[in-house]
Amino acid sequence: MKIGFIGLGHMGLPMASNLLRSGNAVHVFDTSSQAIGLAVERGAIATGSIADLAAAVDVVITMLPNPAIVRSVVAGPDGVLAHAKDGTLIIECSTSDPQTARDLESMAQSSGKAMIDAPVSGGVPGAEAGTLTFMVGGTEEAFVAARPILMAMGKNIVNCGPAGSGQAAKICNNLLLGVSTIAVSESMCLGVSLGLAPDVLAAIINTSSGRCWVSEVYNPYPGVVKSAPASNDFSGGFACDLMIKDLSLALDAASGTRQPLPMTALSKQLFQLLSLKGEGSKDITAIVQMFKM
Amino acid sequence: MKIGFIGLGHMGLPMASNLLRSGNAVHVFDTSSQAIGLAVERGAIATGSIADLAAAVDVVITMLPNPAIVRSVVAGPDGVLAHAKDGTLIIECSTSDPQTARDLESMAQSSGKAMIDAPVSGGVPGAEAGTLTFMVGGTEEAFVAARPILMAMGKNIVNCGPAGSGQAAKICNNLLLGVSTIAVSESMCLGVSLGLAPDVLAAIINTSSGRCWVSEVYNPYPGVVKSAPASNDFSGGFACDLMIKDLSLALDAASGTRQPLPMTALSKQLFQLLSLKGEGSKDITAIVQMFKM
Amino acid sequence: MKIGFIGLGHMGLPMASNLLRSGNAVHVFDTSSQAIGLAVERGAIATGSIADLAAAVDVVITMLPNPAIVRSVVAGPDGVLAHAKDGTLIIECSTSDPQTARDLESMAQSSGKAMIDAPVSGGVPGAEAGTLTFMVGGTEEAFVAARPILMAMGKNIVNCGPAGSGQAAKICNNLLLGVSTIAVSESMCLGVSLGLAPDVLAAIINTSSGRCWVSEVYNPYPGVVKSAPASNDFSGGFACDLMIKDLSLALDAASGTRQPLPMTALSKQLFQLLSLKGEGSKDITAIVQMFKM
Amino acid sequence: MKIGFIGLGHMGLPMASNLLRSGNAVHVFDTSSQAIGLAVERGAIATGSIADLAAAVDVVITMLPNPAIVRSVVAGPDGVLAHAKDGTLIIECSTSDPQTARDLESMAQSSGKAMIDAPVSGGVPGAEAGTLTFMVGGTEEAFVAARPILMAMGKNIVNCGPAGSGQAAKICNNLLLGVSTIAVSESMCLGVSLGLAPDVLAAIINTSSGRCWVSEVYNPYPGVVKSAPASNDFSGGFACDLMIKDLSLALDAASGTRQPLPMTALSKQLFQLLSLKGEGSKDITAIVQMFKM
């Protein structure tokens, strides 16, 4: 099977590499010729345009920075839908929004193609290790077709429901991650200000009703989890500015369904306060610095 | 060893019962003669006043509704410190605040007694089953002395540090519980408004970076966790008004250390909005109803 | 001079009527033939399409519900720019966003037309009385050309700066209105809960550092200002759902400039909580009901 | 009439000076002998203790830093009530809380004295110029008796209702001031980020529905109001840490009446974030710096 891969950034390049490692022919495209070069070094086939790529393959995977670019790459005049063969399967892995996913899937179906939204969790380490989780929205048929391909890049492939459901699941999870990060920061800093040792407090929380992924695996208090970004000057990990983007997607989707999200909204603003002061490229746990003297 | 137990409410009565079950002589006091009657039925020895109780025992355990009552019962003119024998150990299990705990422990030491703060988690079910977690603040010596007694009522006895540390740990954990409850409510309601099935969404969150005790064990969306209060009309569990009290303790302690807690502060206000509309005695997960049509 | 008016809703119809009253020939268009009928009764000339209207007049005024419709009406294939004569002046009075205003003004200039954004304040009463305030963004030349036309519909015509500035000024003002409405509600309800008479408290605030337009003119506590919506079952005035729209425009614009707006964000969410419970069509001061028993 | 004045700080000293200027005999006490010295230079009579002062005068005025000190000075064993003559009038001008005011007034009445709470607005400039506003709670009789004395220090003497009402009015006003300061900061910074000139935006707001005392008189955007602290490096004015104290009083009073105050709560936290970074002694408008790059 011939696979096309569009978008060879921090996530896309290792994902494409895993597809190559599984023995697939992978045609690649990116606006950066340097990124294409890196993929070619690993065995990929360079293409000169999205149109060329789309015409040459059976499956197109996209991994792009935002919904506007996704719309343009998939449905623009020079995009995938305009040039792909009938029956092509499009696997859209970008973090986008449910409405964009639904709109594009509907266009794909009208033009004889299939499409799923399949945003990921696991970050760059998961992309490199091939252990990503894919949250998939789309028809059962498209899910079944996409599953073996996704298995080359991840280990959990979750069927979330019809088109848009993958994006919905992703933003619902990530808003919780954003809120938790700040809440654990508040809790840890309060405890330390009251004289508790950070590791003692973390241990108590982690066996109590306040425990969460952030407190256990990704604790924002420096030194508590040695491998976490907080213990490494908040480098690596998940940048504040990307979290702001994900929280914005959640809030926009909520505006559309008239869903109030007060804690989510406040979280976004607190990350914005941090980003405004120049910390936007640091890991999300850098928010703890707002709460420490 | 003779143990005195003051405060025989929903928590205190089953805790005292477990001490009796372990073969201790338990002298009891409460302002409700009915509560004393229930304890006597189970083998406790009634006392007519805090002073009488304090004079008769080696260890005094208190389980009281708020810091003001704790101060009065322990340090008031008719209280425990004024009437207890030298060397008495006071185990203060109420949810109070770190400053109160530190003040009282200092007074206890000055008058030749020992004292620990040992607030609990686990709720009424944990009190009944003898599986409470005790978060202990105090001297190492007092901790060692109290440990076997606490083991009759719980299964995790955690040494959190010097006096006040137990209370500090408890409020740090409970603020996370409060924030998580609202955050999971927002996430679940957004997902459902976008068309996701609640159980599918919960399953995704629970294997992702948004997972927390609330999403796994205590999910606020009705029907997701069959045994949780949310699936039983928000009855039982942890009342909103008690959460408001715990969040107030956290915010007051934070004012004392000049620690900002924006998410905690907003959480308290959202629970207050719910309580104002008459839902204060329902479980904390009833907050989900603010976010659903 | 021939004027075209597109959008004959609650605001547009009385605005067009005032133009007629000043002796202008007014060509009108709306998707509702009933609305066109009402305007024709007052002396307006009906047109069958936006294209017909645009081709027939020297000035086009638009008063439309949201930025997406504005973009379509002005710049769509059947829109104003495609059919208006060279030199036409477009006065865009809808509440939109600065980016849309800038984009459309730039397209207008490229095609030989002039355009200003001129959103209004004053509501339906101001539209009927011809006392609106117009906040204008655009070139000095376009401002000078538009001024006499706007004077037929309002009394304050404010030059806010280049294209988009009118929209920017409007959303900056309206976010303050939104925040103030909730803040005055909190203040009044707290005072009443502490035993103060609402009119006494309002009088004190109105001579102190807490005073604002909302406390003086539009007090949300029922009975304080007899003519205000709060004293008339929260009817009339400025609907919560419109405020949610304006706060969304402010928050979206702020996302674009990476500007944190925590109080604005929380205000939007509180109005959403109210709207979710079915109160979205009531006046913004109905938010006071969230804070009263 | 002999007047006693306790508390000669930034506010108390100029207030006592105005009483002297009006020809009163003023006995003074402060824990700082330097402060007493300054008052004596202006004609006051030094006293060696609160008890001596209380025994010597007909009226006692207190101007103290917080409710705990007020309780001690008025009702402590060496305090005013224990040593004042029958019929003494106590005028309590500190910013305190309604419950403290009610408790003390009740004790005063029981011991044959009269008491009003009379917190002020107007700051140090108002204290120096004798133009303070006094918000008075107490009996009509005590209000009438206090009025001429207050007129020597201020120009608006407002009867707010029974004991505690003066404190209630003050905190209700000041929470609005706190919220407005942040809201105007958000609005101004958003406008500037969108390209508006700060003075143009302020002028528009000040003639629109967003106008408030802060936008008009105390605008936080540097340069807009030349005489405001924001144009003078945020020096002078009303310190953030004092605003945090006032917002805490409002939130504590609200906890007592179960009144939700979400915007007020968030405001306190934002000022705390600023204070944590070392800006607590700057004027409240320094909060604008959190929102600017």
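Some observations on this one:
As written, the chains take the letters A, B, C and D, and residue 1 is the first residue of each chain.
Following the convention adopted for this analysis, a residue touches a chain if its C-beta (ideal position, glycine included) is under 8 Å from a C-beta of that chain, and two chains touch if they have at least 3 such contacts.
Chain labels with UniProt names: A, B, C, D = 3-hydroxyisobutyrate dehydrogenase.
In this text the structure is predicted, and so the values were computed from the model without any measurement.
For the pairs A-C and B-C, the count of C-beta pairs in contact is higher at A-C.
Of all chains, the one whose CA centroid is most distant from that of chain C is B. Look at where the CA atoms of chain C average out and do the same for chain D: the two points lie 39 Å apart. Chain geometry summary: the mean Cα position of chain A and that of chain C are 38 Å apart.
Centre-to-centre separation of chain B and chain C, using mean CA positions: 52 Å. Residue positions of chain A touching 2 or more other chains: 258-262, 266, 270, 273, 276, 290-291.
Partner chain B is touched in their complex by these residues of chain D: 248, 251, 255, 258-262, 265-266, 268-270, 272-273, 275-276. Against chain B, the residues of chain A that register as touching in their complex are 98, 121, 133, 135, 156, 158, 160-162, 164-165, 168-169, 171-177, 179-180, 182-184, 186-191, 193-197, 200-201, 203-205, 207-215, 217-218, 250, 253-254, 257-264, 266-267, 270, 290-291. Chain contact summary for the complex, chain C toward chain B: residues 262, 266, 273, 276, 290-293.
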